[in-house]
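Both complexes shown next keep chain A, but they swap its partner, so chain B is in the first and chain C is in the second.
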Partner chain A sequence: MSDAVAIRAPVARTESGKFWIVPPAALLALLFFYPLALIARQAFLDDIGVANVAEVIRVLHSRFFLNALINTVSISIAATAGCLVVGLVLALILAFVPFPGSGFIARLIDTFIALPTFLVTLAFTFLYGSAGMLNAGLMETFSLPLPPVDFLYSAWGVILAEITVYTPFILRPLLAAFSLVDRGQIEAASVLGARPFRIVRQVILPAAIPALIAGGSLCLLLTVNEFGIVLFIGAKGVITLPLLIYGKAIQESAYQVACIIAVVNIALSLGLFGLYRFAAGRLGA
Partner chain B sequence: MSAAAFTGTSVMDIDAAKVRGAGSNVHFDKVSVAYGAHVVLHPLTLDIAPGEILAMIGPSGSGKTTALRAVAGFVRPASGRIRIGATDVTDLPPYERGLGMVVQNYALFPHMRVEDNVAFGLRAQGADKALIGERIKDALATVGMSAYARRYPRELSGGQQQRVAIARALAVRPRVLLLDEPLSALDAQIRRNMVEEIARLHRSLPGLTILYVTHDQTEALTLADKIAIMRDGRVCSHGPTTELYRRPPNRFTAEFLGRANLLPVTIAEAVGSKGFATARHGDVTLTGAGRDEKAGDKSLLCIRPQHLSLTADSEHTNRIVGTLREVHWQGELTHLVLDVDGTPVRVSATRLPIALPEPGTKVPLFFAPADTSLLPEDAGV
Partner chain C sequence: MLVWSRSGRLVLWVLFALIFGVLFLAPLAVILLSSLADQWNGVLPNGLTTEHYTDVISGSAGRAVKASLITGFLASALALVSGTWAALSLRLQGPALKRLLGLLFFIPSAVPSVSVGLGLLVAFSHPPLLLNGTVAIVMIAHFVLISAFTFGNVSAGLARLSPDFEQVASSLGARPAYRLWHVTLPLLAPYLVAAFGLSFALSMGELGATVMVYPPGWVTLPVSIFSLTDRGDIFAGAALTMILVVATLVLLLGLERITKRATGS
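Let's look at the complex of A and B:
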């Protein structure tokens, strides 16, 4: 008898506990899923509420959409690759080359995460812009009539800004992974005759692969959705998906087109987010 | 599998020729190590002969691991030189020293199979595929791990992982093998077995010089030809293992290397031609093996617990009386603790009288002069 009571009691608690799922689920539905559903619905309906799949096909085959998709993917892949390279080199130096102040430098790099993304772009205009310090210095030194450095207002400017902003997102997981690498393995490899590059390649990097995948996926996700940097730089001909959505929705009031592109952007983002979660799960994050 | 299998020529052999020179002896020449103003290893001069096992033992922070890491090249000496064979390696990076190293936590590469772990050093040295295959086979056979070549380290027990670590270190045919507390992470039973296996391994590789750092005196006593006892960054005694155990030169060595009873005595009659001195402990006259003690010197008479007997015989001519305080039965051994004029004296006996005296009773203890060692009372190093 007492056993039966003991078994039933937790069941009762579980039954009542089920209701706690309602408030967060309702909140999520209201603030997140419902607006998403509206966007998805709007993508397939025209302005008078009639289903219009032809428009979806037209947009997906349009030059402006394909250009924006190619720009988005190529810029985010290039920026992510840059972040991976810069982040890896920085993390290796910070983790394995002992020098005073390495901790301070790591924290300083971290502060980039706290800053708004367009701030870096603003700083870039002061540094590399037409009237920036670099161009002014070069023009004065070499008596040049025109600014010689003109990469900022192109896809390269966007990529460089994104690398600057998003490298800490690679650096942080890498430093965490490197802190777990057994120094004994590095020393054993060294005593066995391995030079530093081999040790990095065969001992350190394999241990950091989950961190690289996690950081890289997050970076890719963020750069795909980057809006502020692209808008602020205003590079001629560099239109990405978020910028295209903004243009279609706000400037042209073409809501169905904006929603069709938004659905593609969302699908892309969710795919990358799934990759990130998978990698982060393997990393134990 | 025997050491004869380790006779191939590899790039390692060629590259390391400049390191190895004519021999595999290790020479510390006034080597000191300091971190800022903090000296962790005071000038150390020490030789390890080719094929010798030198155990460095001492408490934590005594400088033993620092000395080993200086040989490996991970710690740069503040002064002095280190030579391996005829070559000064002080300024060489670790990968050019031609060493093997095994550490406490195995440090196997977790993403590589056992065979790849063993092959790592050979590949780093650019050895050809055929030689690598042969060496993997030989090294794994030497440590009895041939059947585990395709496994990952995570699929092995601690003892198996340590065997693989040893095979990995041996595969590059180092002249000097550095063992840094290699058995500390293993449980007692496996540790005992591994000590015996390392001893067997060294018998099969007699040319291999080993620097063995441990805090475990049993490992040192079992394996080492010579022992260096470290304390506070200095060698406080160094010598052949049996000699150091039987005739410790100072109190720290006597107490660190096995258990020791140290009876304070005053030399009554200086050391004679047979190497024995007569000493007085209270009103008892004892005979002990001495060095150069003179009459009137204050000294300590060192007697190991297993050399004390509850029964007299023709060799056990020294006799002291103590009050029995504690009896600890441990299966193979029974430990007795007695009070001899205020000095605690331990007795380890395999056989005891059927009826043990009750604690508090006076018990006579007998020991042979040859089993004792006189050491100066003020040599506290």
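Let's look at the complex of A and C:
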């Protein structure tokens, strides 16, 4: 390392090199941070441009805002809990009880990260919708007059879709963490008579906890921000903050209301982002 | 091996197949099936047809595919240049500033896409920066949303790069520009291609910011899928979704092949 320092470029060059950061930083400032600041400003101005603080208080106390906030937070927590459970089960089997083709399956699940989120919702309409495969099958088999399965157009539909979409974000760090677990340790424990549950609890889980925390906080952030799934389900009772912002701005042209809600949504997201960075930092990522 | 008994393993594999089947396989399979379904009143479609594909292709799909590909390509190219530039020049900063700026470049990935769109509408709807209603505002929205991912990928690549090559080059008298072009960037190439592929895929599926800012003549694939399904035309929506999935996968696999050939592995 001392050699590396000796070969390093002269100080004068690194001093002038500091300015190279300006172009990309300026681009981001103009296209992202400036609009973000204007959202915060617009939250206190009505649509003609006059200061209106009373509107902020009215919106923050309104039923539609509070409902959306509660929906957003509860859906996000439920979906993240689901992702953690499903991700942990899948990762344990993929890593420690592998089967022929398990590597390919792991990669297949990983490609879900690149696919649009609303795909799953659209598929759920065909699977679990009122005229979907499941309901049609049950109605035919038991000759029922009405579709018996009716969870899709509720928060449960959103939660199940989000579990599908965001489980790969848990699976990826978990599989990376499991690949570092010493197989000899597991074999030794198992030869000594430890049952699988005990090995999972005492050997594997401690190694997985940082990955679970980092993946879980990323899931919280992504599910709070999720828009496509909720829009495509289109249930009247399931309005989240992003959907409310879209409705107020585009359908009602109420920009101040949209900006007030956006400020709350952005603050919530940035808080979760801080949590994720903290967790990922502890993980050493 | 964690579970030694054959029956225990079988139970776990059945559990895996069940979760994987219900959560991941069934949605993909059913989208494919419904895009080919003729009429669907029972458990399975009454017949198969390619009519939905010919319908959407002769209709709006051609333009939507074009809009999505152009938007994805330009936004990803700009994000690649700016993300690589930022990651490289961040190395020249002191540790404190490096941490702070690194965090700032990541923040766009944390802000909900709908709010990014709203911000662009609020900021660029008045002269002198009147972009509302143009194609440029769609590109900007996509660029902002994917910029953090390209920056992150390139930064991760830089962190894994051994500093030896660059130090040898500079001790042999290579000037910084020569070193950047002939040493650092070629070594980074696999990460650059991966970053480009991921951001292209994210842009192809972007919906939240696009529905806020898109002008009538520039309807991307996700927006046109939404308007089809919103109208109740879910079979055409499924066909268009399949086109989007295939386009995304072809793109990602193609880029992966290029990287593998280039790195010789």
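As a convention for this text, the second predicted complex is superposed on the first by the 272 of 285 C-alpha atoms of A that agree within 3 Å, B and C clash if a C-alpha of one lies under 4 Å from a C-alpha of the other, contacts with A are read in each partner's own complex, and residues count from 1 in each chain.
In this section, a residue touches a chain if its C-beta (ideal position, glycine included) is under 8 Å from a C-beta of that chain, and two chains touch if they have at least 3 such contacts.
All values derive from a computational prediction rather than experimental measurement.
Enquirer: Mind working out whether A:Ser190 is in touch with chain B, chain C, both or neither, as first, second, both or neither?
Expert: So A:Ser190 meets both chain B and chain C here.
Enquirer: Spot which of chain B and chain C makes contact with more residues of chain A, would you?
Expert: Larger number of chain A residues touched: C.
Enquirer: Scan A:Leu180 for contacts with chain B and chain C and give back first, second, both or neither.
Expert: Neither chain B nor chain C is touched by A:Leu180.
Enquirer: Would you sort A:Leu36 into first (chain B), second (chain C), both or neither based on which partner it touches?
Expert: In the superposition, A:Leu36 touches chain C alone.
Enquirer: Is A:Ile57 touching anything from chain B or chain C once the two structures are fitted on A? First, second, both or neither.
Expert: Neither partner.
Enquirer: A:Phe118 contacts which: chain B (first), chain C (second), both, neither?
Expert: second
Enquirer: If you stack the two complexes on chain A, which partner ends up touching A:Gln202: first (chain B), second (chain C), both, or neither?
Expert: A:Gln202 contacts chain B only, not chain C.
Enquirer: Output the chain A positions appearing in both contact lists, the one against chain B and the one against chain C.
Expert: 187, 190
Enquirer: Tell me, which parts of chain C touch chain A in their complex?
Expert: Touch residues, chain C against chain A: 1-4, 8-9, 12-13, 15-16, 19-20, 23-24, 26-28, 30-31, 33-34, 40-44, 82-83, 85-86, 88-90, 92-93, 101, 103-108, 110-116, 118-124, 140, 143-144, 147, 163, 167, 170-171, 176, 198, 201-202, 204-205, 207-208, 211-212, 222, 225-226, 229-230, 234, 237-238, 241, 244-245, 248-249, 252.
Enquirer: Within their complex, state which residues of chain A touch chain C.
Expert: Going by the criterion above, the answer is residues 4, 7, 9, 13-14, 17-18, 20-21, 23-25, 27-28, 31-36, 38-39, 42, 86, 89-90, 92-94, 96-97, 99, 105, 108-109, 111-112, 114-120, 122-127, 131, 133, 136-137, 140, 163-164, 167, 186-187, 190, 196, 199-200, 204, 221, 224-225, 227-228, 231-232, 234, 241-243, 245-246, 249-250, 255, 258-259, 262, 265-266, 269-270, 272-273, 276-277.
Enquirer: Inside the complex, what are the residues of chain B that reach chain A?
Expert: 12, 15, 72-74, 93-101, 103-111, 120-121, 124-125, 165, 168-169, 172, 178
Enquirer: Give the list of chain A residues in touch with chain B in this complex.
Expert: Residues in contact with chain B: 182, 184-185, 187-195, 198, 202-203, 206-207.
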